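As written, the chains take the letters A, B, C and D, and residue 1 is the first residue of each chain.
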């Protein structure tokens, strides 16, 4: 890797770290504001953003092969499927 | 013992001087091996032991069921026996049988690789398997467990007075051996294929193992965590499933079957792969509908995760969920039917050679057809209401797991035995035992369909008198089946020592595994495999290198 | 290049194949891990939808300050982890070891704070089982919350402990000079694992600590 | 010899004929395919056996029409069984309003039943033919399953909640009652007898069981013994919501939602009173978890149902 790209890489890591810290404070702060039914969706949206940042930048999915991305997504999609189908019972009882 | 009648030219050749079996000797060379072929043999020995243990339990409770009263054993012993049978057969035989033995041996050979992608992980998976097995066996020796292999809560987590936690730990640990095997296969099939071995040139055995591996990797962890939760509830009164602690017992059933229904496809898909190799070989013909069979394996693996709720039709699951899961379960019929029809069509205008592996494969097709069609019965809601947890279910899944998986496993073992050991098995005895197994199997399990529709519940140590005749038929069949399984055990041992040398390719089969010596060298190939043919090119000569 | 002797395992044809295989293997393993935690998440969602008040009441007994601090610490450890991989990539083994040590220290700090929280719960009789006491409404379902809390965070902590072991192992290997700019796959794989454990926490934190705080 | 070898279960409910009709359809379909596959496999294997070493079978290429045909036909047949099964299942899941309600409790390892008149039975169920009967099921310990093969009905008995099944017997006689969810050591001993009799005989049987008070009366007595009425009065100063006319009504909750006051809701409100607080009330009711048996819960609920459907009132 050439030094220029390497420096940019390092900078990205610190930026992502900053964003993650910021989002942590935001999610804690928002929890104390009454958003009605929206509190949980907002908290989850922030968590997903943070997870995406970690996966794309820290876990290098940005530079990964297509296959690695597919398997990274497969687990998540499968978990969503698991949740949805279990709830198809619980929410219709 | 009569040796195979027509000795092939290859059989008169000499075995290679150096191969994976004699490259080094001693216990250490086996227990520390990272050669996938040796690990396959470690698994072969282990699963065979477990198979006969589980079989012995079955023979014992079939004896008990000769009479309506529970007179041979007390109900408690009976319950422990069927639990041991289920646990051992499912977690320690059916799930690892084909993938960890034949799959381990053949996946690298078939794709032209030197080994699996992670050989040490492969060895680790065997150790994990053995440790899990030891836990389960210790629990069995200390007094056993009586929950049934399904561990339904709150019986397992609170009420049972048997060694649940220890057994659950055993099953939990063993699950990781399955995950490691699946992970290894996925990476190997993606990354280790020889030049020219494109996806659509892969043998169907590989496709079915790829599909199986997806289930192992995506399903098994859910079983693992469910068992952890059962153990936490049992040991520390963590409230998750027991209504006394506010939990919902049906949630366990959701978690359990999210894995355990796909687990049925872990058992059957590899056997389908075996059949897809054997049928074209002995028909001397390309397999019919290659792509349909290949993609139906993936379809079965994925659909398998969408149908678990059909185990909960009478468990107070919502009517809506029941309808959804019934509908989706019906769809499994399609990829299954595609496979059966394509195998049958492969025979058409073939040049069929009668050999034991083919008889097993044809037996598989027939019995799987019965098992699959009765699957439509139990996916149909009102029929399942009546037959759920009766002997109808027992018969149905034994047609799949014994009629399907074990037929496939034995067929595969006979087919690749010459490759694994370099020796031929005695054909006459093999045919005889295949016949005994087929007859014994049907006599054991067909009466159970009738028993089930009559309403005899499963897991009953004692039963009303009117069910006796059918139960006696079933027990008689079980003893024939038991003998049928012992015969191959004996002649396989015999052939290791006295069997004639098989040659590299005794069946004149296609596929990379037949292009190397029997037994293969440690690195599998003495040359660099290159593939320029599609699989099952039986109308051409095999192109090598 | 004596350092990378044996780096290419016999079953692979070239280093590129080896790296791709390792990466794919690790991601496949992480997919497994997602579903392993997934069982807990499913149980959590089912019970939270069934007993929302009890979950909110129980969640108020968690220490939000310690939770937030711990989240920050774990994110910090992810940064040092990615910098350790970066140093390995650059072939700077000294800074690689330092960053691995920093990651380990942050991980241990996380576990320490977690331990303090567990101890508080123990004193407050909030550990499920015979000794469980809960003064607010609906103690039975609050007990489910705490069962899941201990189940999920315990399982997470267990992964952290394994991760800590892996970090020590990687630091030792780096110290022995086994890695170079052309071969650092093991560090990268441990990094993936460590970040994954971080991601799990990123979801656990709002789900466990931040219910009904307003 | 066929007395010893039964091949088909008795049909003793209105469901039995309907379920069996579907079953015969499936048996016919299965037989057709089994004969087809076995026949074809045996025929091909015999006809195309290898006759010479040099034989080269002609390559057969994939035929899309064939593949589509044998994908579509199973799909159609599977959809027929699904549709047929689904409509029957939905019918079997909805008990008629006027069904006679029996209350059953499963425990290791017996069935306890109580009739509306108060008559109690163990491991027996006397019922009149020609009348829809709903059995409301509860478990005191583990999961059991209530199964009467002659009626083709089965329902799991899940601890912590009510489940229910219904049927209408159309044949007099004695039939098996089985537990079909493995429930421990004496699982196979958890069996009983269903006695289906003419309605007049059933009435006669009920009167012979005199001495038991009706369920609702037991429930009322329990209601007083447990001092439920001290809070759940009809006056406006009451600390708990009035229960008259509660059953079958929509109840507005403190959380803003509203729920139907059915048996599950009442059961949950007694055992987990803080889970669903009625709008306008404080969470002060103690839980009766562990202090009240499943039998007693059944009785209280039946009593509360007899309180009738009073005109809609503002609970506060």
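A few notes on this one:
We take it that contacts are C-beta pairs under 8 Å (C-beta built on N, C-alpha and C of every residue); 3 or more make two chains touch, one makes a residue touch a chain.
Keep in mind it's a predicted model, so treat the numbers as computed, not measured.
Across the assembly, the chain pair joined by the most C-beta contact pairs is B-D. Averaged C-alpha coordinates give centres for subunit B and subunit D that are 35 Å from one another. Once the centre of each chain is set as its mean CA position, subunit C and subunit D turn out to be 45 Å apart. Centre-to-centre spacing of subunit A and subunit C amounts to 15 Å, using the average Cα coordinate of each chain. In subunit C, the residues touching two or more other chains are 20, 24, 28, 31-33, 35, 38, 42, 46, 50-51, 140-141. In subunit D, 272 are the positions where the chain touches two or more neighbouring chains simultaneously.
Under the contact definition stated at the top, the residues of subunit A that touch 2 or more other chains are 67, 74-75, 78, 82, 86, 90.
Listed by label, the pairs of touching chains are A-B, A-C, B-C, B-D, C-D.
Across the complex, subunit D is touched by residues 51-54, 137-138, 140-141 of subunit C.
Those residues of subunit A whose C-beta lies close enough to touch subunit B in the complex are 67, 74-75, 78, 81-82, 85-86, 88-90, 92-93. Of all residues in subunit B, those touching subunit A in their complex are 190, 218, 222, 250-251, 254, 258, 305-306, 308-309, 312, 316-321, 324. Taken in their complex, subunit B has these residues touching subunit D: 70, 75-76, 79, 146-148, 150, 152-155, 158-160, 242-244, 246-250, 283-286, 288-292, 314-316, 319, 322-323, 326-327, 330-331, 333-334, 337-338, 340-342, 344-345, 347-354, 362, 365-366, 369-370, 373-374, 376-377, 379-383, 385-386, 388-390, 450, 453-455, 457-464, 466, 468-470, 538-539. Of all residues in subunit C, those touching subunit A in their complex are 20, 23-24, 27-28, 30-35, 38, 41-42, 45-46, 49-50, 64, 68, 71-72, 75-76, 78-79, 81-83, 86, 89-90, 188, 191-192, 195-196, 198-199, 202-203, 205-207, 210-214.
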